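Pasting a structure here, questions to come.
The letters A, B, C and D name the chains in turn, as written, and every chain counts its residues from 1.
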Amino acid sequence: MKNLKLTTIKVKNQARTLVKVKDITIGEGFTVIAGPCSIESEEQAIETAIRVKEAGADILRGGAFKPRTSPYAFQGLGIKGLQILEKAGKESGLPVVTEVLDPRDVSWVCEYVDILQVGTRNMQNFSLLKEVGKAGKPVLLKRGMFSTLSEWLSCAEYVLAEGNPNVILCERGIRTFESYTRNTLDLAIVPSIKEVSHLPVIVDPSHGTGRLSLVERMCLASIAAGADGVMVEVHRNPAEALCDGDQSLSPPMFMSMMKKVRKLQECMVEINALDRESSK
Amino acid sequence: MKNLKLTTIKVKNQARTLVKVKDITIGEGFTVIAGPCSIESEEQAIETAIRVKEAGADILRGGAFKPRTSPYAFQGLGIKGLQILEKAGKESGLPVVTEVLDPRDVSWVCEYVDILQVGTRNMQNFSLLKEVGKAGKPVLLKRGMFSTLSEWLSCAEYVLAEGNPNVILCERGIRTFESYTRNTLDLAIVPSIKEVSHLPVIVDPSHGTGRLSLVERMCLASIAAGADGVMVEVHRNPAEALCDGDQSLSPPMFMSMMKKVRKLQECMVEINALDRESSK
Amino acid sequence: MKNLKLTTIKVKNQARTLVKVKDITIGEGFTVIAGPCSIESEEQAIETAIRVKEAGADILRGGAFKPRTSPYAFQGLGIKGLQILEKAGKESGLPVVTEVLDPRDVSWVCEYVDILQVGTRNMQNFSLLKEVGKAGKPVLLKRGMFSTLSEWLSCAEYVLAEGNPNVILCERGIRTFESYTRNTLDLAIVPSIKEVSHLPVIVDPSHGTGRLSLVERMCLASIAAGADGVMVEVHRNPAEALCDGDQSLSPPMFMSMMKKVRKLQECMVEINALDRESSK
Amino acid sequence: MKNLKLTTIKVKNQARTLVKVKDITIGEGFTVIAGPCSIESEEQAIETAIRVKEAGADILRGGAFKPRTSPYAFQGLGIKGLQILEKAGKESGLPVVTEVLDPRDVSWVCEYVDILQVGTRNMQNFSLLKEVGKAGKPVLLKRGMFSTLSEWLSCAEYVLAEGNPNVILCERGIRTFESYTRNTLDLAIVPSIKEVSHLPVIVDPSHGTGRLSLVERMCLASIAAGADGVMVEVHRNPAEALCDGDQSLSPPMFMSMMKKVRKLQECMVEINALDRESSK
């Protein structure tokens, strides 16, 4: 990691990066990003947005461009999706994040959203990384499903090297031989990142497990592991979702999870305080 | 998993297996197993045992037979190690667990210890599994570093099929391309096991990460993930350890970790109670 | 693979795709693509081109845009590299292939080269796939280092769905835990592809092993496995290469390898003929 | 690999290990081991033995103890299987190899067979390795499905350290995310072993691919990769096999494959001779 001039910790007690998005600060407390895998309609997006906001979410997610394995699968609503997402953000009062796939789309997508997401398949799409680096908006950089910690930080370095310090790393599971879960969520990467980098790191247990029944538990485990937040898929009616319905929470499930998340977050504040006491 | 007659959940609300070892019940509360990687001397073992007991450990671990990659590496003290381990258990008042490698050793090793451990390299050593199944002692079955959930449960099935219901599963990390950590700790396997099996499951963050600095965080994450316990390596002087010194906690580090473990455990009791309330 | 309408074999004895590039036909005989990892200077490119041509290579490779893990590593000469590559092709009489990274570059890069390469990191860069599909030039599609056969063919499907049937698949090794080699070359994928798809498939043993000493052997193994060709890195002076010098053959090594390649190719023609005889 | 005193090459042009079994020398020419996954009956074993001998096999394989994932699957005929295997060897004139699972069985199994096989699940069963080391019979050591080259050689070192130099390494595929094949056959390990070790290495394409249709191709690729032999599953009637029927060749398929194997072997002798010529 010797070439990672900007993303790694260079001096003891170096300040950690805080990414500010409207009145939310990622890297302080525990930030919850929630919303549908893809924007399907205005009604769906706005209803989901309002319900995740009520449950305590901090940021709204929603895909307008979907990277799909098959060229014949639903590819997202594109610009119409972005317009809906922007509206859902306004109606709910939540900042919004969406994935961008193509370097040609970066500048105009910025007009609709607060955070640009670079997905797992594009982690090493260097043209895209440079473009989001230049755009200046905060970037949520997902870990490649095949990437080491060092390669992941190198991709963040591409963004920082363009003058954009606002990168949020997002662990979303790596590919292994285990098939019970869709991916293997690597929670040890969270404290590993804290050791070597000052960037905030969040966890996506929806893609990380691919199983609805495991999402809540892995959210809680992420808090205990020291993550700065989570990103979870919530759909007002998962059975009807055009994408990733198997791993999307319903609004009541999300509401129930959030009670536990906030309670555990409080507890972790006390637990983390034990370190400061003992080091006095 | 259709052939797993004994290890999987067959009826709704099936009682979970509780494994009783002296006055400890694995599967109730959160059980902490601690101790050195290998028994090196009476002094080392007893001092470590007393100090982990003081810090709140429930069970003492210690290796007398070490499976080593190289035939020229320290292979453990053998029977002398078992005698010391037994003594350390008595002096500290802790039940003891040790790894057994050879089916020929099972019956006599049982005279010294309370729990038999089958290691990751022997998960599919079917002769050994049958022998520990017949021995009747509780068995701590580590996950093979290359094994799926289904294969792991099949190995537990070998033990149960011999009439021994007392199996504790232990996640210890799987092998992936990531090299920052020694293995990739698969915490999502914990709630996955809870879905399909009634057996208790604990986590070994020492081997699971191979990095001292990550052990505490991954213990906490294990609690939040719903594990029934952890197994951690503690050495009275890690710098002098003959084996795995890089991932062993010192007694003060373990003491500090245990305060957090117990506090988080209490918090999780409250959080888990929210489910029961909401289902009333 | 049910959704792969265009890339999979749909009827018995379906004709295999032949990709014609000038007077070379990929899918007939055994095609050898050779050249430097990256174009560094006119002198280097032309000398290497002439020497690989003399040794019997069919197509010249050379990178003008290099996808590099670090933003601070040599990124290629860009348009100047393409101009040199075109000239080296003309002087040696070889068609040329180069990697394209950005959808914005596709149309103008086509003016300089005969085949467009999509690299392993961009296998699922769907914007790029659509663009090379529209461009009409033959596409050499490398397997993602993390991708299954099914996912790989889905990416080829993106290109074919744009009306471009001229896709050449290229196995280049997958990422595993084994670290003696840079990647694990999956030669069984070659006959696997022949079972399910009509597309030609070649092998890249340079990236597939990352070790100079293994390249020749894995070329020979590729022929026996039924591959339609190989792509190997050759540099006039590997010790001075700006990129991948460790895995580049020198011209004399390449010359020596080519004698064996052509001899084995002849032998395989006879061996494959045994099948036709026996099925008479 | 610094601790591998006995298995690695220590001086330039060090003689390669030749393992003699009756009139067969493994490490010279190309040795073909063939036979059923498991011994099922005298009739099945003898018929298969005679037919593989007629086709040109050198050694007969057959399992009497089968390591099975499920405790309820067919576990082999045990001693009766060994008696049948011995008889089939005599009737066909082929030396025999069988897998041994338990250190307690090693000494008496030696009375029936010419080569002891240690399977992939037992590669790191150190008790078993020591026992086969002491037994003195040649040992066919399969690569663990999760093991690096260095770990594999360390296991061979356990056998050599007991005074038994006759170890044959057998690549049988490693576990990866790819699921089209049962395992990923790592053919680059063959020339890798030749670089660092003097031990002979063979390839098992039956387990390595798990697909009948790929076995022949991967046998041919193994020859070109420089392997000293192959081990393939042949059953007189694959559809009726109790074990691994999906990957077993029928005798006519094996006969057809052997013609190609012997032809390619001759060709490789000429190709390898090119090196000697050029180094004159």
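We adopt the following convention: a residue touches a chain if its C-beta (ideal position, glycine included) is under 8 Å from a C-beta of that chain, and two chains touch if they have at least 3 such contacts.
None of the values given here were measured: they were computed from a predicted structure.
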Shared interface partners, meaning chains that touch chain A and chain B: C, D
Most distant chain from chain A by Cα centroid: D
Between chain D and chain B, distance of the C-alpha-averaged centres to the nearest whole Å: 36
Separation of chain B from chain C, taking each centre as the mean of its C-alpha atoms, in whole Å: 48
Chain D: positions in contact with at least two other chains: 146, 175-177, 179
Contact footprint of chain A on chain D as seen in their complex: 175-177, 179
Chain B partner contacts - residues on chain A that touch it in the complex: 146, 148-150, 174, 176-181, 184-192, 195, 205, 208-209, 211, 213-214, 217-218, 220-226, 256, 259-260, 263-264, 267-268, 270-271, 274-275, 278
Chain C contact footprint on chain A (complex, rising order): 3, 5, 67-73, 101-104, 121-122, 124-127, 144-146, 151, 154, 157-158, 161, 175
